[in-house]
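Structure first, commentary second.
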Amino acid sequence: MIYFLCLVFFCVGLYGILVKRNLIKIIIGMSILDYSVNLFLVLTGYRMGGRAPIYDKTQEVKNMVDPIPQALVLTAIVIGLAVLALMIAIAVRLYEKYGTYDITEIRKLRG
Amino acid sequence: MEYITLTEADQLIPLMIFMIIGSIVALEIKDMLSSVIAMGAVGVGVTISFLILKAPDLAITQLVVEILCLILLVRATIKREMYFPRKHVDYLRIISALVLIFVFLVFSYAALRGLPQFGMPIMKVASEYISRGIRETGATNMVASIILDYRGYDTLIEASILFTAVLGVSVVLRAVGRIRNEKS
Amino acid sequence: MRNPKKGMTLIVKEVTRLTVGLIFLFGIYIMLHGHLTPGGGFAGGVIIALSFIHIVLAYGGDFASRKMNLQTATFLESLGGLMFLLLALLGLIFTGVFFLNLLPHGTPFELKSAGIIPLCNIAICIKVGAGLFLVFILLTTFRPGGDK
Amino acid sequence: MTRLLPLFIALPLGCAFLVNLFKNKKAADLLANLCTFILLILSLATIYTVKAHGIVVYKVGNWIPPIGISMVVDGLTVLLLVTVNLISFLSSLYSIGYMEKYTAKPKFYSLFLLMLTGMNGLIVTGDLFNMFVFLELAGVASYALVAFGTEAEELEASFKYMILSSLAASFVLLGVAMLYSYTSSLNMADIALTLAQKSASPNVTVLFIAVLFLMGFGLKAAIVPFHPWLPDAHPAAPAPISAMLSGVLIKALGIYAMLRVFFCVFGASPLFLETLCILGILSMIVGVLLAVGQWDVKRLLAYHSISQIGYVLLGIGLGTPLGILGGLFHLFNHSMFKSLLFFNSGSLDYAAGTRNLKEMGGLKDAMPVTEKTCLVASLSISGIPPFNGFWSKLFIIVACVQAKHPGYALWAIIGSLLTLSSFMKVMRYAFYGMPKKAYASLKEVPSSMQAAMIILAIICLLGGVLLFPLFRSALLQPAVDVLINGKNYAPIVFSKLK
């Protein structure tokens, strides 16, 4: 059930990318897509009643959650940030060339 | 005295619904600044879910990245013309996208049932990390020992991706792209 | 500071002056304790970049670019990358294994432990901090080139 | 040699960091070319290593694979490594002259080397998540390179490419996440073993993950339903980058990753092979039909890339040894002649200042080297006998007939004829015909660009040599064996670890 909700979240991002015509909205859709995939990865690593995967000096820790998805998501967050920064830069430069963020106005090339 | 204990699933489902609504708002609202801020709310929702899922590393990182994203997006939208004339709505595009998404969701619903249930990962490799990690790497934070030792190679490349993106931004935003010689 | 017209109001500037140091220190703390507590080089780097961005937002672009110009940021970024790569190559040079954690591991729960992990954190932190600050500065100081 | 394996990643990465700091253009030229040249030598050396020791597994950080990341070098890897590093060396050679027209040359080389790192790393790795990370590295570098000229069209093409390509990466990551949840491992060999144990017949979950991967890598490879970004992105980039993108990037990121995941991890089911054949034929025909009407040289070439990728997929999709041999050989050949064609178009653009065929004409006398090499490449891509393109197409068509799919063979021949007609148009309008007055004072391009074109033309001419038993057993046959015995991948990798 939770997995499914996470994929619904994914599809909202997908919808944004496929349908919207504002460059910034497309970028927002892209980052929603990133969030949902990251969340999905962390969800798969969760263990019922688990603890954070960090050892403690005072008490013995059992039942840690899976640390691998967390490590992967850390990498994925950084990649998402990098792509987002580049996208914003290109969108800003496109705005400078065309004076708009509307994708239907920006259409010199045909598909 | 009795406490009503909420399981993680109980806490997560309302949060997920909040995030889904937030992201729909972010995509559909007309005002760009509100849209960016709605996305910020979604990002904070993701941060809280990371906390609930016992991933403090991710929560910290997600929060600071979120702040940075918001600053960059606000920079990109502020002081810019955001007027969109109402053209005819492209219904064909919307309907085909919705059909695609519907098929995707139905297919995924069937596929998700094959996965292990929520809260019970298999943890074949992970249990080895947990049992041997502190001895083999000396780090008490398991996530740090994975990203910088067991899978440090990934992190090297990840850092290079950020480097590439920064380089890309500086390349894209350079004032003059080509050297033109006006002979003809 | 010198030019009161630039940037935001006086209140914001004063508050910034008080908090920026704390934010910066917090970033360094997060970075150094990455192998013991949640956080790590990446989060630390972003926080440090944010502390600089904070100054730029409050005082305007010119002030910060005097303090930390683009050349320095580019240099630091490449340096961070090279440092990280060098740490990975140390293993290859000395033992023939890429990415070997060859420094002594020390006792767990102490700051000086876990071999190369803290060093990697520092390298990532320098790189990320410089890189993200560079992105922000480039986007802020970007002026349309004229041809439309 | 095994110890030097990490250099495929470390060397270009280190050079990329260093080049970025340079101010001097000459020093940047020298360092970048030296780096790609060393990588070419290293990749040639891997041929002998694999021939001598069989498959090579390298443990990063000395962790045993399901725990750490491994690098795996087998026949398929070697074929791709040689192709990628050969083209990248020639592209960097070509860039010495060509990139004088752009500003910020050191940054160009830095991005170029980062893209090369991404491709090399993706080819060498044996870990699924690592593959995703390298996919993104090569991707992000290529987005920036497509927008390198910062003209409006280039930025637009880059944005479109970036959106679709990031979408592809998200699909791949979702696939990796589901596969991790399902098998609790990230190492490809380990996943293959677990999947084989879990169930013999494919269930819905595995099918869904496979579809996610197919969509992700298909978008990267620009197979027909997923192609719209390619004809914009490839022409927009500077010519050496177009050559890299069309010549090797779509193959390393799309085709290679797809083959590795499907043949070695999921196991090639007949359903998958059938899908490949159909997608291949679709790409072949749609690509070439869209190409015929084009007047922009680079756009025409980009459409032909889609079409030629179709041939590769068709050959591999047949699943017979001969078909796979033809497909992989065509992959190698296509890298060579398509890079050469993009170099030619870059030279035309460099000298004449236009990419529109209607504006050119009679450049034969002014640019003899470009004309001769372009002729070789055109004949090669159309499949005319002595050149390399003929042999691989012949193999694919014969394999189609052998596998009792004469219909497929017919489509392949039709595609080939259409290709021939469209390249006759290029030669006719660009080089022959009436010389135009505006181009009377044209000179041939700088010598570094000429050298790159001549080397590639010689490879195109002599490409058929690779089919002789001596060379074939070194380069092509091991790659074919990997795909045919995809199921043995996991056991061999684990036996090497013991």
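The letters A, B, C and D name the chains in turn, as written, and every chain counts its residues from 1.
Throughout what follows, contacts are C-beta pairs under 8 Å (C-beta built on N, C-alpha and C of every residue); 3 or more make two chains touch, one makes a residue touch a chain.
As the structure is a computational prediction, the values presented were derived from the model and not from experiment.
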item: Labels of chains that are neighbours to chain B and to chain D; value: A, C
item: By number of C-beta contact pairs, the top two chains; value: A-B
item: Rounded Å distance, chain A centre to chain C centre (Cα mean); value: 23
item: Centre-to-centre distance between chain D and chain C (centres being mean Cα positions), rounded to whole Å; value: 36
item: Interchain centroid distance [CA atoms averaged], chain B/chain C, Å; value: 21
item: Centre distance in Å when chain A and chain D are each reduced to the mean of their C-alpha atoms; value: 28
item: Residues within chain A bordering two or more other chains; value: 14, 44, 52, 54-55, 68, 74-75, 78-79, 82-83, 85-86, 88-93, 97, 99
item: Sites on chain B at which at least two other chains make contact; value: 56-57, 61, 65, 68, 72, 75-76, 108, 112, 115, 121, 123, 125-126, 129, 134, 140-141, 143, 147, 149, 151-156, 158-166, 168-170, 172-173, 176
item: Of all residues in chain C, the ones touching two or more other chains; value: 36-38, 40, 42, 74, 78, 81, 85, 88, 98-99, 101, 108-109, 132, 135, 138-139, 142, 145
item: Topology of the chain contact graph, where touching chains are joined (line, ring, star, complete, other); value: complete
item: Residue ranges of chain D in contact with chain B within the complex; value: 9, 13, 16-17, 20, 60-61, 63, 66-69, 100-104, 107-108, 110-111, 114, 117, 121, 129-130, 133-134, 136-137, 140-141, 143-144, 147-151, 155, 178, 181-186, 203-209, 211, 353, 438
item: Interfacial residue positions of chain D with respect to chain C in the complex; value: 3, 5-6, 10, 13-14, 17-18, 20-21, 58-62
item: Residue numbers on chain C that touch chain D, as the complex places them; value: 74-75, 78, 81-82, 85, 88-89, 91-92, 96-101
item: For the chain A and chain C complex, residues of the former touching the latter; value: 52, 54-55, 57, 74, 78, 85, 88-89, 92-93, 96-97, 99
item: Chain A-touching residues of chain D, taken from the complex the two chains share; value: 129, 133, 136, 140, 143-144, 147, 150, 152-153, 155-160, 162-163, 166-167, 170, 173-174, 176-178, 180-181, 186, 228, 231-232
